[in-house]
Amino acid sequence: MQLSRAEVDDFINRSLAEDIGRGDLTTMVTIPAGTRLRASMVARQEVVVCGIEIAALTFRRVHQEIKVEVKARDGDKVARGAVLAVVEGDARPVLAAERTALNILQHLSGIATEVRKYAEAVEGTGCTLIDTRKTIPTLRNLAKYASFTGGARNHRIRLDDGVLIKDNHIAAAGSLTETVRRAKRATPALTVIEVECDTVEQVKEAAESGVDMILLDNMGVEDLRKAVAIVNKRCRIECSGGVTLETVRDKAMTGVDFISSGRMTQSAPAVDIGLDWG
Amino acid sequence: MQLSRAEVDDFINRSLAEDIGRGDLTTMVTIPAGTRLRASMVARQEVVVCGIEIAALTFRRVHQEIKVEVKARDGDKVARGAVLAVVEGDARPVLAAERTALNILQHLSGIATEVRKYAEAVEGTGCTLIDTRKTIPTLRNLAKYASFTGGARNHRIRLDDGVLIKDNHIAAAGSLTETVRRAKRATPALTVIEVECDTVEQVKEAAESGVDMILLDNMGVEDLRKAVAIVNKRCRIECSGGVTLETVRDKAMTGVDFISSGRMTQSAPAVDIGLDWG
Amino acid sequence: MQLSRAEVDDFINRSLAEDIGRGDLTTMVTIPAGTRLRASMVARQEVVVCGIEIAALTFRRVHQEIKVEVKARDGDKVARGAVLAVVEGDARPVLAAERTALNILQHLSGIATEVRKYAEAVEGTGCTLIDTRKTIPTLRNLAKYASFTGGARNHRIRLDDGVLIKDNHIAAAGSLTETVRRAKRATPALTVIEVECDTVEQVKEAAESGVDMILLDNMGVEDLRKAVAIVNKRCRIECSGGVTLETVRDKAMTGVDFISSGRMTQSAPAVDIGLDWG
Amino acid sequence: MQLSRAEVDDFINRSLAEDIGRGDLTTMVTIPAGTRLRASMVARQEVVVCGIEIAALTFRRVHQEIKVEVKARDGDKVARGAVLAVVEGDARPVLAAERTALNILQHLSGIATEVRKYAEAVEGTGCTLIDTRKTIPTLRNLAKYASFTGGARNHRIRLDDGVLIKDNHIAAAGSLTETVRRAKRATPALTVIEVECDTVEQVKEAAESGVDMILLDNMGVEDLRKAVAIVNKRCRIECSGGVTLETVRDKAMTGVDFISSGRMTQSAPAVDIGLDWG
Amino acid sequence: MQLSRAEVDDFINRSLAEDIGRGDLTTMVTIPAGTRLRASMVARQEVVVCGIEIAALTFRRVHQEIKVEVKARDGDKVARGAVLAVVEGDARPVLAAERTALNILQHLSGIATEVRKYAEAVEGTGCTLIDTRKTIPTLRNLAKYASFTGGARNHRIRLDDGVLIKDNHIAAAGSLTETVRRAKRATPALTVIEVECDTVEQVKEAAESGVDMILLDNMGVEDLRKAVAIVNKRCRIECSGGVTLETVRDKAMTGVDFISSGRMTQSAPAVDIGLDWG
Amino acid sequence: MQLSRAEVDDFINRSLAEDIGRGDLTTMVTIPAGTRLRASMVARQEVVVCGIEIAALTFRRVHQEIKVEVKARDGDKVARGAVLAVVEGDARPVLAAERTALNILQHLSGIATEVRKYAEAVEGTGCTLIDTRKTIPTLRNLAKYASFTGGARNHRIRLDDGVLIKDNHIAAAGSLTETVRRAKRATPALTVIEVECDTVEQVKEAAESGVDMILLDNMGVEDLRKAVAIVNKRCRIECSGGVTLETVRDKAMTGVDFISSGRMTQSAPAVDIGLDWG
């Protein structure tokens, strides 16, 4: 997931608007025009950087002559104390943009930092970490970008990116096989069809249905291995549910192709990044 | 902070748009028109509810004939297993709205649940819990509403809601007293002026400057008590920095009027609320 | 491709706005308030109906009390003289909406009527007719809906719906095999990858690359057959280029899975549908 | 009809957005950053160029450093094989913009090419070719611009551009004369009033009513001549209905001032213009 | 000039948004939910009513269950003390909407009241009062509606509503006659062409140029009479400049068709209309 | 009140759009491309300048190469005949922007000029002139800026800028004291609370309620003095009602802190500023 310039701009504009409103009242009445400031954005803990260019653009959106020298790139893992960027310019817009720029960087880096922990945990297993649609509302694309930056490959970004058949769909259509058949006929020609299986029996039917991918939900390591054997490379396999930093590697080593977790995009805490003046 | 109907609508529309895109492909091709579903939104942990009406509106935005019987109100603290709402209607729109409605409710209730912990910790001290501008970008008003629902009183929602003078402003204007004087002359007539003090010496000057409120940043309990004595009710006092669930009550008992923390709005994890079918 | 209610509404609003502007000057100054009119929308040639509900909504958008009794459904093929809908209501809004409603219906039915000709030509061959991204700018989704209504299955609606590798991409990446490998690693997990082949040699490399689909561009019937044999069901095959009503069936019978044509969405003439008063 | 820069920009933005969506997936994952491309836009048939500057802007909107050397101007009639523009720049945005730029140019040049045929057919008769409100919905202004580029003078662009009284209006107001009188009193002072006449009798009443212009609908050459004689220059005369490339010149030579046709804007096929690489 | 529902809605939304912002803080914290209020909108001076339905909609926009019984219609001239409408409903939204509804009504009625004075002054002279493009920015259509309500006929609403040739245009094109000729060829077929004349000599050339209307700017009564004689009904005549309540009737009696004044739309004072509670 | 660049841009765009529409028809068809013009904006009466930079931006928005040399600054009081700016550039956009730029400058300077009269009348009394929410709908922020430019300090810009308790609020809450108590608990921590008093008795209760500010409405000079004595600096005092240029100074000298008037923003006539060519 790459972000388009238009959506980054919209995000910055909305972020600034909600914070600045009619203007930074304090700065307008206390800082003389022409005062200059210099500050460094500093990581106060180990972080995987995400959003550094967006933060830089945020300063420049308030005043185009603010200079932001970016010292780290999205995806970099930096140690506590690392300088991520140096900001210099007219004091009024620098101060007006400060909180918004930090809020953006702290939030996106928070997600990337969390995702990286999972990505490192599955490294070398041949299994790919993917994300889910559990994200903070209205920030989906940013979350998907941060997740990709952290080291995951994206699953569906929107509901129109693919078909994921669950219990309710099968119940309504009659059978798994019939549901897959219907989906193959009515969707656009480039659509991938995935079906969720909760039991090993379902996996058998799914593997024979011509589906492109199977989602094994909330299965233990033993069942995952059985399912992998049944499928026997006829389609790709994703596993989800109960994925924590403790369990993720064991699950990944069962031979599934993908492993997904919602918590890493929905509940990642903001990381501590501050602005040091002077 | 109350939310206007217009901003709630905009939030719902944007949340649905980013998830549904051109349509819920899976549901469109598998669920026959006219199929009906019934489901309960259930708390899978103890939560302070926030956003239940927004979640209900989310279902109805997708299809106006979906019935949502709301069983809990924003601000209610409910036990694990509590049913928050019962949803019933056409299966296609119910399924299309499911993830978005849950994402909204899990996020907002996450903030309210976190804030409530702090609010309960200061209960009875005479000190009021307030929030900050550390929020997830573009979701400021929702965060302020969730914070208010959780039990905090709001500090500035935007930069134009009041004057908060910090080091940089004082350095630029020359002195704390001069900075306050300037602010009093140039701002709208109903503006409150607050000044941040890092030392007990600054508190003296601030208390004499005619400022409306003082922010004591990162002071220990001892210094907070000294500052309260110096101010002697000439203006209100807020304290911030190093506020955790462990420290918050001791700080609140020093006699300060307000205590603020950014972490509770910026890093609250999503709470676990699910949809049980049938 | 289904159209969301939001995009239909936006299309109607924009269509009406561009035609009505500040108001239907003629009607405002000549028709007394309260005058009523009744009219029938009549096909003046054989047409495949598309947009009849949108046309009905168009009248109601101008005045919600206009009654439109719809007599045909999208996808119906009707004979010359067929009544598609009966409109009745206040004369002013009926007259103000007339041209816009007709323009919509004539254009969309024009596409569906054209596509149906091709769809009928390939009927029973086992080959599926699909459309392309050659559409009138800003009307993509409507064109895709009309094409689906006419009888085609949709190919990519937008560039993010799948990967279609052409000469330029292969040249830049080094080789077909390497290009496919890259695409498989960097795209979202549910992405389909298709590669365009201009020669039978390329088809061999493509079939072995693990690609999901091959596009055979501008090949004659002989080469199409050879390609089908080489691929031997390892992936799906699309054929495009030089597709006319005369050639389409022969091409479809070579064993390719899909056949696509741009002309039917880009150059379909409006069909003749009129409004008969009284 | 000239197009404002704002509406051209909006058209380009919408056209690109509907095609590119979240990004040109193929190009992003296959083309290395910094790869450059050069291509020529070439007419593959005789065309009257329309939209060449819009097409050029379309490339530059995706990436401002793409160079587009425009070789033909809107309104030029060029032979098959003519190079309309040379495009050079970063391969990624050039490829992402390609289809949209071509779709725009093919559609607008299609209209201009069709209109030019009619314009040439009436050349030298003293009669002016004008267009109608039969256009593809939401593309009215672009169609009017293409029509003007092709050689027609515009009739009403929107319903508020003038008064055109038809049967229904007269029936509601009581008589042609009374309808004209009402319109003269209630419209803005610079409004032109035209009345449609289906019979020679109506022409007499219209000519005496003080109307500014008469529309003769679906009259044969004989009746047109009679009407011209009756009017005797008291007002201007437009003729419409049954206008084809075969009939247009004969009708134009009857002495009417204007001749209008809807088909040329509503059903013009896209012309064949392609991009040759290298 | 009639206002479309869409622009009225947009005006109300913007008016309320700029006043209410995040909510009527006072009302939210002081008025218990469910409190009801009743109030009358009363003219505190003689006024020509304009905007009464817009004011009523303003209340209902804030809360759809507010009842507004409208007692006067736009265009009515009412005496001091007249009740224009009775408002009843939930106290919170009534109070939140009060200032905005009054501001709208006071402003629009202010214009209508001012225009009516001029309209009455020219009554019976056969000359029609028209307005100009001198209006308060962004409120053009509302001003034109208020002016029409007051009793004037509208001149151009926008620059694309007709051609008005002045000194600068003639200087650039070479001569008045040539300028008129150019305009006749290049504008849409229903365009009226007016030319401004400052001297009696210019009037002669204009009358012979085939122009549709002449604007006599800043001429005294004597020159107006001469101009009327020269034109001798070959085209319509407008007079402007130095038009006051004292001079307007004398100018109107010279035989000109139209008389225009900018001051009545640009500088009309708000009229005094208040809300009486209970 | 400072205006943000975004709202100035939006205001200019809307102002130009409503005047220019599809283009300045007259200029397009009469002025040859490349013609240049030079003009001076001249005050035709004594004015306090407001909006000169906005007017300059208006010209440049239509064509970025128009040069506007600004000769006066917002807030300057200039004599009749003063040149405010010199405009030079391509004749077409200069003429197209002329009326809009003048309308903006005439309106905003009208308000500033009116406010300055009141500001000068209270100069040296120690009382501060403030404005109200009586403004022309949708132009609130511009009016507040013009008022500030004229010499007033702003009162509430929106309803969420502070609490102003009136009769209705007190009646609903029970008592003045209780109303103030409620407001103090439920509003954001930086909110100022003001209460309107109509009698000297109410002033006593208000002064003891802990309110931040008292509004004395429609009191004579004698009562104002009594109220000032009662309050005895426990809170700030505003006086409003019956404020005219004749009465304002006497009221200001009673010792009240603020004096407010709605008429100066709601009914200020446009000042006469013109464009002299050459």
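Letters A, B, C, D, E and F name the chains as they come in the text, with residue numbers starting at 1 for each one.
Just so we're on the same page, contacts are C-beta pairs under 8 Å (C-beta built on N, C-alpha and C of every residue); 3 or more make two chains touch, one makes a residue touch a chain.
Just so you know, these numbers come straight off a predicted model, no measurement behind them.
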Each chain counted as touching chain B and chain F at once: A, E
Classification of the chain A:chain C interface as same or different, half of numbers criterion: same
Fitted rotation between chain C and its twin chain F in degrees, CA, nearest 5: 180
Distance from the mean Cα position of chain F to that of chain D, given in whole angstrom: 47
Geometric centre distance via CA averages, chain E-chain A, whole Å: 54
In chain B, residues with contacts to at least two other chains: 1, 20, 22-23, 28, 141, 157, 161-162, 191
Arrangement of touching chains [line / ring / star / complete / other]: other
Every chain pair in contact, whichever chains are involved: A-B, A-C, A-D, A-F, B-C, B-E, B-F, C-D, C-E, D-E, D-F, E-F
Residues of chain B that touch chain E when the two form their complex: 1-2, 4, 6, 141, 157
In the complex, chain D residues that touch chain C: 11, 14-15, 18-32, 35, 37, 91, 95-96, 99-100, 103-104, 106-107, 110, 133-141, 158-170, 172-173, 179, 182-183, 185-187, 191, 263, 266-267, 269-270, 277
Residue ranges of chain E in contact with chain D within the complex: 1, 128, 130, 153-157, 161-162, 188-192, 194, 213, 236, 238, 258
Contact footprint of chain B on chain E as seen in their complex: 17, 20, 22-23, 28
